[in-house]
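These notes concern the structure reproduced below.
Letters A, B and C mark the chains in the order given here, with residues in each chain numbered from 1 onward.
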Amino acid sequence: MGRLTILNLNQSFPREDGSRLQVLEDFSLEVQDKEFVCILGSSGCGKTTLLRLIAGLDTGESGSIILDGEEMKGTNPKVGMVFQEYSLFPWRTVIDNIAFGLEMQGINKEERYHIAERYLNLVNLTQFRNSYPSELSGGMRQRVAVARALAVDPVLLLMDEPFGALDAQTRNMLQTELLTIWEKTKKTVVFITHSVDEAVFLADRIIVLTPRPGRICETIPLSLPRPRDRTSVEFAQLRRHVLDLINQPKCTLQ
Amino acid sequence: MATIAGKEHWIKEHWLGVLALILALVFWACYAALIVKNSFLLPGPGDVLLAFIDLLQKGILLADFGVSLMHFAIGLSGAILIGIPIGIAMGWNRKADEFLNPLIEILRPIPPLAWIPFAIIWFGFTPVSAGFVIFVGAFFPILINTYTGFRGVPRIFVEAGRMLGCTKTNDQIRYIAFPAALPSVVSGIRIATGVGWMCLVAAELFGVSNYGLGKNLWFYYNLHQMDAVVVYMLLLGMIGLAIDMVFRYYIDRHFLKWRTGEVA
Amino acid sequence: MNALKISAFALLALALLLFTAGCTQQAATPKISELRIGYQPSTHQMAHTTAMEKGWWKADLAPLGVQNVTDKVFPSGPPEMQAMLAGDLDIAYVGAAPVLSALATGLDAKIVAGVNTQGSDLVVSNNLDYKGPQSLAGKTIATFPAGSIQDTVLREWLKKNNLSPDKDVFIKGMTPGDAVTAITAGKVDAIFLPTPSPSTVVNQGKGRIVVHSGEMYPNHTCCVLVVSGKLIREHPEIVRQIIRTNDKAVAWNQQNLDEAAAIYAKKTGANLADVKSSLQEWDGSWVSDPNIIVDPVLDYAKFQYDLGYIKKPLTKDDIFDLSFYKKS
């Protein structure tokens, strides 16, 4: 349940001058069931491209994406996604946003509200059930986005820098909340970030990518038990360790 | 609109507008009486008021309003029923856009007035004929705003929808694109309402009916009774304003309450 | 502060606009450098088209101090009278009925001569089996708008035949162009228009002439020659010459029908064949003696007053100035 295998993925984009920019070349990765993996890299290293390919929003030129032994082509109800930007449907209330995926599955009103309310509780926004996204703060909106993605009970959750647009305090709070939800719902998570601190706080394993073409330059397992204290000595050591690895020539060369 | 009750509060909020109207009225009366001194060239407010009372007593104003409203409703509903689907097709589908766009761009600048001969030829002297002239005016704002609304649906909504199982085009249009585009569509309808109302005078020019605000405006024009003409001009203006206000305060609020967080 | 400035500027602009609108009243100067004639595209008014295109207006009036003569065409009477009311015309060839409503509104002008009598036809579409006025019950007829000669004659004739306009027969007022379009497209059952429009419809095979207006109202006045009060008061000699030139043109037209038709067709853009057939079939006469039209015109005035089209009754002296016409 929720075991992801990426094999030999290739993706390129046409440039203005006609040549092609290779974004991912022969990319492979294995994510274990219930694992929390962070993909770390600077901008332009192909991490968003990778995520969109896993999600099925785009199609790679070659290679395959396999979930629990089945190859995936296109979007799949077993895979959920939380986008970086404002992706909630502004014309729907919070509860209707969360219930959207269930509505698409044809579940009747009473039942889907019942399920949606469960996830609303999970992200601690029960009293905003009937509010519109425009009435919520950025952090609250992302929590609703998480609830919405989880409501259809995917086995794999993809997150594209979901807290990138938020202030530091909200960010920290949401990271903690995310871990709580992850522990409760036992999903496999692939989380993209360019923040070392965020990756160190959240991940079981950090995958570091180099850009153009996107390639794994380092894989860093993190064994520090959770909850991780951002101010602890161990955390700082772990952080230093990761930073050193990132700054290696093989990870910084173009 | 003032939610705090009280006429005094309303006047406090709108006193500038009221002042402008009063000044205009006074200016008009003085200018007509003292400078122009010819009620054919410029009827004064008094002449117009008397003509209004006379028309009220004759009992035709209500019939005029009813017939004009009917013509207007025919034209506007035609524009909505035809303009929105075409706008959706062109906004959502690039091929449809490329195919229809040149045709639309050529037809759009043709003024509704110029369509009168074809209104007569195709629809004769039926209410649909007058409605057709109004349709020509109302159609393009609705089409273009619907088109723009659909073109402008942020891709992220569609992608979020796809991730949540909304993969068929019909579902995407129904559950995502249309709600997202609705503010634009409503805006288009509101503009079309204004333009369509203005076409009433052209629509009722060619003897399509025995009653109508536009029709009687021309009737009294032909009899050189300019004071009655001004009555109809003012009625057209004020009713047009009322229709727009219905839009602004009722429809905007009902359909678009999720936008209240934004700058109005 | 800026908003107030803009509002003040806008009001000032509006005032200037209105002021210049009022100014057109004073446009006519004591010396006639330009004489402005209004007319309609109907063979009723061929005296004007001949006189204009042959240069007779200019030639005959130059010795009296008129430097230039211009003309303007109108689709129907009311806009022509509007122009005269606004002071943009000195002379008008126009149907007698629109003159009356203009006079009642305060037009400073007089009818000084006739132009023609009769000359309008009722044309029914080919599906209408016309056996007499009763065949029109329940039908739609397009004609000039309310207040025109045609509208007036038609209504009186229907009433005489016990058909109530607007209840038994439906009359729609519009320009002749729209009316011809309407019957050609089969959207109205009949039209009642002055020549040459009836011939246009007949020659296209879209209808046939069943009643001449002279049968509806024998010798009814149609078009008349109207001259502004200013011209009458300040240049009576010009008014006299205008009538003489008009008569000259009428006489010439009667002698040279084909050439006159060609001149008319060229000037108005009408189809020459239509013009020629209309001159063959019409029951009209170019008659300029105003004395014989006094009674019919007073009849129209009473009719319009009864209908409420004009708000005050008009007398013979309100309408006519018979002093200029000299029987030749």
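The rule is simple: a residue touches a chain if its C-beta (ideal position, glycine included) is under 8 Å from a C-beta of that chain, and two chains touch if they have at least 3 such contacts.
The model shown is predicted, which means the values in this text are computed figures rather than measured ones.
The chains in contact with chain B and with chain C alike: there are none.
No other pair of chains shares as many C-beta contacts as B-C.
Using CA-based centroids throughout, the chain positioned farthest away from chain B is A. In terms of their C-alpha centroids, the spacing between chain B and chain C amounts to 37 Å.
For this pair, chain A with chain B, the centres built from the Cα atoms lie 49 Å apart. Chain geometry summary: the mean Cα position of chain A and that of chain C are 83 Å apart.
By the touch criterion stated above, chain B contacts chain C in their complex at residues 20, 27, 31, 35-36, 38-42, 116-117, 120-125, 206-208, 210, 218-219, 221-226. For chain B in complex with chain A, the touching residues are 156-157, 159-167, 171, 175-176, 179-180, 182, 257-262.
Chain contact summary for the complex, chain C toward chain B: residues 7, 11, 15, 18-19, 21-22, 25, 78, 81-82, 85-86, 98, 101-102, 104-107, 140, 142, 145-148, 166, 172-175, 178, 181-182, 184-188, 309-311. For chain A in complex with chain B, the touching residues are 55-57, 74-75, 77, 79-81, 83, 85-92, 100-101, 103-105, 132-135, 148-149, 152.
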